[in-house]
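In what comes next, chain A is part of two complexes: it sits with chain B in the first one and with chain C in the second one.
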Partner chain A sequence: MSYNAAMIPRQNPLDDAYAGKSAETRHLKPGELSTGTTIMAISFSSGVVLCADSRVSTGSYVANRASDKISQLHDHIWCCRSGSAADTQALTDYVRHYLAQLAVETGRPPEVKVAAHLMRRLCYENKDHLMAGVIVGGWDPVSGGSVYNIPLGGACISMPFAIGGSGSTYIYGLVDSEFKENMTRDEALALCKKAVSHAMARDGSSGGIIRTCVVTEEGNVKGYISGNTLPYGPAGW
Partner chain B sequence: MSLSLQAGGSATRALPSAAGTTHTTSPITTGTSVLAVKYRSGVLLAADTLVSYGSMAKFKNARRLLPINSRTLIGGSGEYSDLQSVSDLLKRNALEDKCTADSLYEEENNEECAKEVWSYLRAVMYNRRSKMNPLWNDIVVAGFKQNDDGTTSDEPFLGVVDKIGTAYEDDVLATGFGGYIALPLMREKYRPDMEEGEARALLEDCLRILFYRDCRALNRVQIAKVTREGKVLVSEPYELDTFWDFKGFVDTKAGLGTDGGW
Partner chain C sequence: MASSGSGYDLSSSTFSPDGRIFQIEYASKAVENAGTALGLRCRDGIVLAVEKPLQHKMLVSKTTGRRIHTVDEHAGVAITGFVSDGRQIVGRARDEASNYFETYGTKIPAEVLANRISAYVHYFTLHGALRPFGATTLVAAYDPATKEHSLHMVEPSGVSYEYYGCAAGRGRQPARTEMEKLSINPKHQQGGGGDMELIDVQEGVKQLAKIVYTLYDASKDKPFELEMSWLCEATEWKHVGVPREFISAATEWAKKEIEEAEEEDDDDEEMEE
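Our next item is the complex of A and B:
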């Protein structure tokens, strides 16, 4: 018996190897960096905690092991960035610029909701050209602490907590089971650090150190947890 | 008895496989770099204990440094199932040799030396690649050479065989990412009469740097050695320390006044 292999269309995985594109970097343009990442934000009683890992990877190479993925958009508004590093940095620059303008025009600090929707407009209108997942979090006098998750397509969803990035898939269960409404600042911080540590332990594209930012009416407190003092280390079990 | 489910041996006759051509697939569960260096009393191998499932760190206590017989060690990167298959094959050969030996005395043992294992493995890997069904591994073979009279030579042996059957011998070797990041460092520091402590520190340093810079690496590692006295020893896995507290790392980079968070 013989089979005509040509009748059965099959993509030979080796073709990709010959074309030089691995499964992990196919979506990236040549030389582009990805913040394969774990990001998280929780709103608590008097503000918001933002948390992120620090690994920036191109394929399997760690291009930066201590990057800062929590970017400031305005005095009390921050965002966590995941996806293409270039895309998210550009988006952050635009939103920062427009928010600064808005603050001058209205004479008031912009609301977190406005910042989030501005980010969403940019992500949505340019969805074909962007690969960016962003979590916007901050404090304003109108709504207190709020968190907005803006995933790839440009939807904008307000939630009490948000997780994002490639590493978030490993901690949905953990965060679902441990999150409670109206946590204190310390409880929220502890949960963020624990969850991001667990994600870093399992996701190859996340790792390094954990950066945190606590945003309240009083101001912003940036935190740093070294890679060898994580609540749950990368070697795990 | 073949447990292969190829056409001709399948349980169901309803669906013949699109057979005859390629069975190659991309690797599914993979191990990253293996490092190896000759030193004063023999050869030292090092590898982490992570087997990844794509980008997921799935198995964190896997063994990639495997003794074959009492004087040969292999270390494998790439597809883990293929490495286990190779290890089974080589161990099966070693057992057969042991059972069919002329003598039971240890001095007259006829176990294959490392160089023989390496040559055999080369033939196996090349044969599989010629059938378009490679074993998706880079395998390091470490041990000693053999004198003409069959006794173990004093000269350490270190070689590597890759998935397409290239066989290469050297004093210092690394597979995978290790080739880019660790090998230049190892070559710089290598001396033929290095003490074990020095060689071990070199390998640990390289493994640490690989943990920093390879997304598929872990800081839990194993070191193994083959010594001239005829010992093959594989350490228990242990964790490496890492350093993250440079000022440039600690300081925020993504504030309003900075350039964007890199």
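Our next item is the complex of A and C:
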């Protein structure tokens, strides 16, 4: 038996589950939470800075205004999550599990490169079912501080800095012009805060507070800036 | 061997009353009668050497029945014992190395490779339906992450240890005694050894050739081919065969050394008379 075009049932484009959704939210399944997000990471001389906004939304409803999109994968390896909250949580759980196993088998701290490779494998091999853009960053004894960007299709790119999420489109120019090689910890942290606050001001799906995490050999320092003291935004206008 | 033949040696899944597994001991015996395999950890790399007996005069010796195999860019193994059993281990070692790289994106560390090989070998000592491997494996590997090189040996029982120098096969005992005289162990250097530098791979190739020819008795033993490989700074830490001209130069040097030593012995004897 052969098929022809007439045999394929016609579908009314208005009948689908995404009907009535804006371009920004039509990739979500009904009820799915999105971290419509701004995330970034910069590697500096002795480590990395990771930074993220805190808004979690379902369409136009803000489900959580103070979430933490910076997750720990190992002692000195972290990641920033964007896309589906459920997908990225599951992914980080897997990578955390694999890294813990690897650390036991090898008896040494895993490399950031390995964490990024595991994340990219999961993202690539399940790309049809996932909505996840992840930035992996951290410190290891082999390479020092490093940042890997793993965008939607499951590529894995080593970068001196990376930005991601819906809000990142507003700050490419800003970060490109302000980024310098070999920044100090404080310069990198300041750039992250400035850039993410600008993205939060323009992007409707980013907002809340800024969360940061500075990873060096000495350890991890988590921090935040509350929404009324952002370097740029409604409070400062 | 005590209590062999009383039924406790029929399977590797049976312990004897005094807590031994005879099938594993028989597998070790199979290795003890095979050509000598040697491994040496030098200052700037690892050298592997195997004495390959030539069973037949018409054998194309340099290409068939290899005892040294490359497992990964930075890892190689030397096998002795049942060569066909050894090839099974080589195949598994290659799978482990490529799987690790596929999964984690970095090269398999030496101790992980050795542990995975020994887990495989050990598995064959657990089941009544399986026969333990009659082969011992020397694993030479370099780890790009730590920039360290190391030498491991996996025995038919499935145990593996790391060594400065190790030997398996017929001449293993005298070979070990000879290797203990070489400066390869940094721990001994700090003691009474003075500040003698550890030997490099060039010297290692010569010393291994010397050990092999010292143990060889042309009137009793079968003719053999000396197979050698290294993994060192000079090869960019890749596991490759030692160039044939290096092996023949080392062989000539070794034979001359041995001859001179014998002449000295003869002189000593004459003096005594």
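Please note the rule applied: the second predicted complex is superposed on the first by the 209 of 237 C-alpha atoms of A that agree within 3 Å, B and C clash if a C-alpha of one lies under 4 Å from a C-alpha of the other, contacts with A are read in each partner's own complex, and residues count from 1 in each chain.
Definition applied: a contact is a pair of C-beta atoms (placed from the backbone, for glycine too) under 8 Å apart; a residue touches a chain by one contact, two chains touch by 3 or more.
The structure displayed is predicted, hence computed values, not measured ones.
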item	value
Partner touching more residues of chain A, whether chain B or chain C	B
Contacts of A:65 with chain B and chain C, given as first, second, both or neither	first
First, second, both or neither for A:121, with chain B first and chain C second	second
Contacts of A:172 with chain B and chain C, given as first, second, both or neither	neither
First (chain B), second (chain C), both or neither touched by A:105	second
Partner chain(s) touched by A:94 [first = chain B, second = chain C, both, neither]	neither
Contacts of A:202 with chain B and chain C, given as first, second, both or neither	first
Touch list for chain B against partner chain A, complex	16, 18-22, 24-26, 52, 54-58, 60-61, 177, 212-216, 218-220, 239, 241-246, 248-250, 252-256, 260-262
Parts of chain C lying in touch with chain A, wherever the complex brings them together	103-106, 109, 111-112, 115, 145-146
Interfacial residue positions of chain A with respect to chain C in the complex	102, 105-108, 111, 113-114, 116-118, 121, 142
Chain A residues touching chain B - in the complex, by the definition given at the top	1-3, 5, 8, 10, 12-14, 23-24, 36, 54-57, 59-62, 64-72, 74, 81, 85, 89, 92-93, 96, 166, 170, 201-205, 207-209, 211, 222, 224, 226-228, 233-237
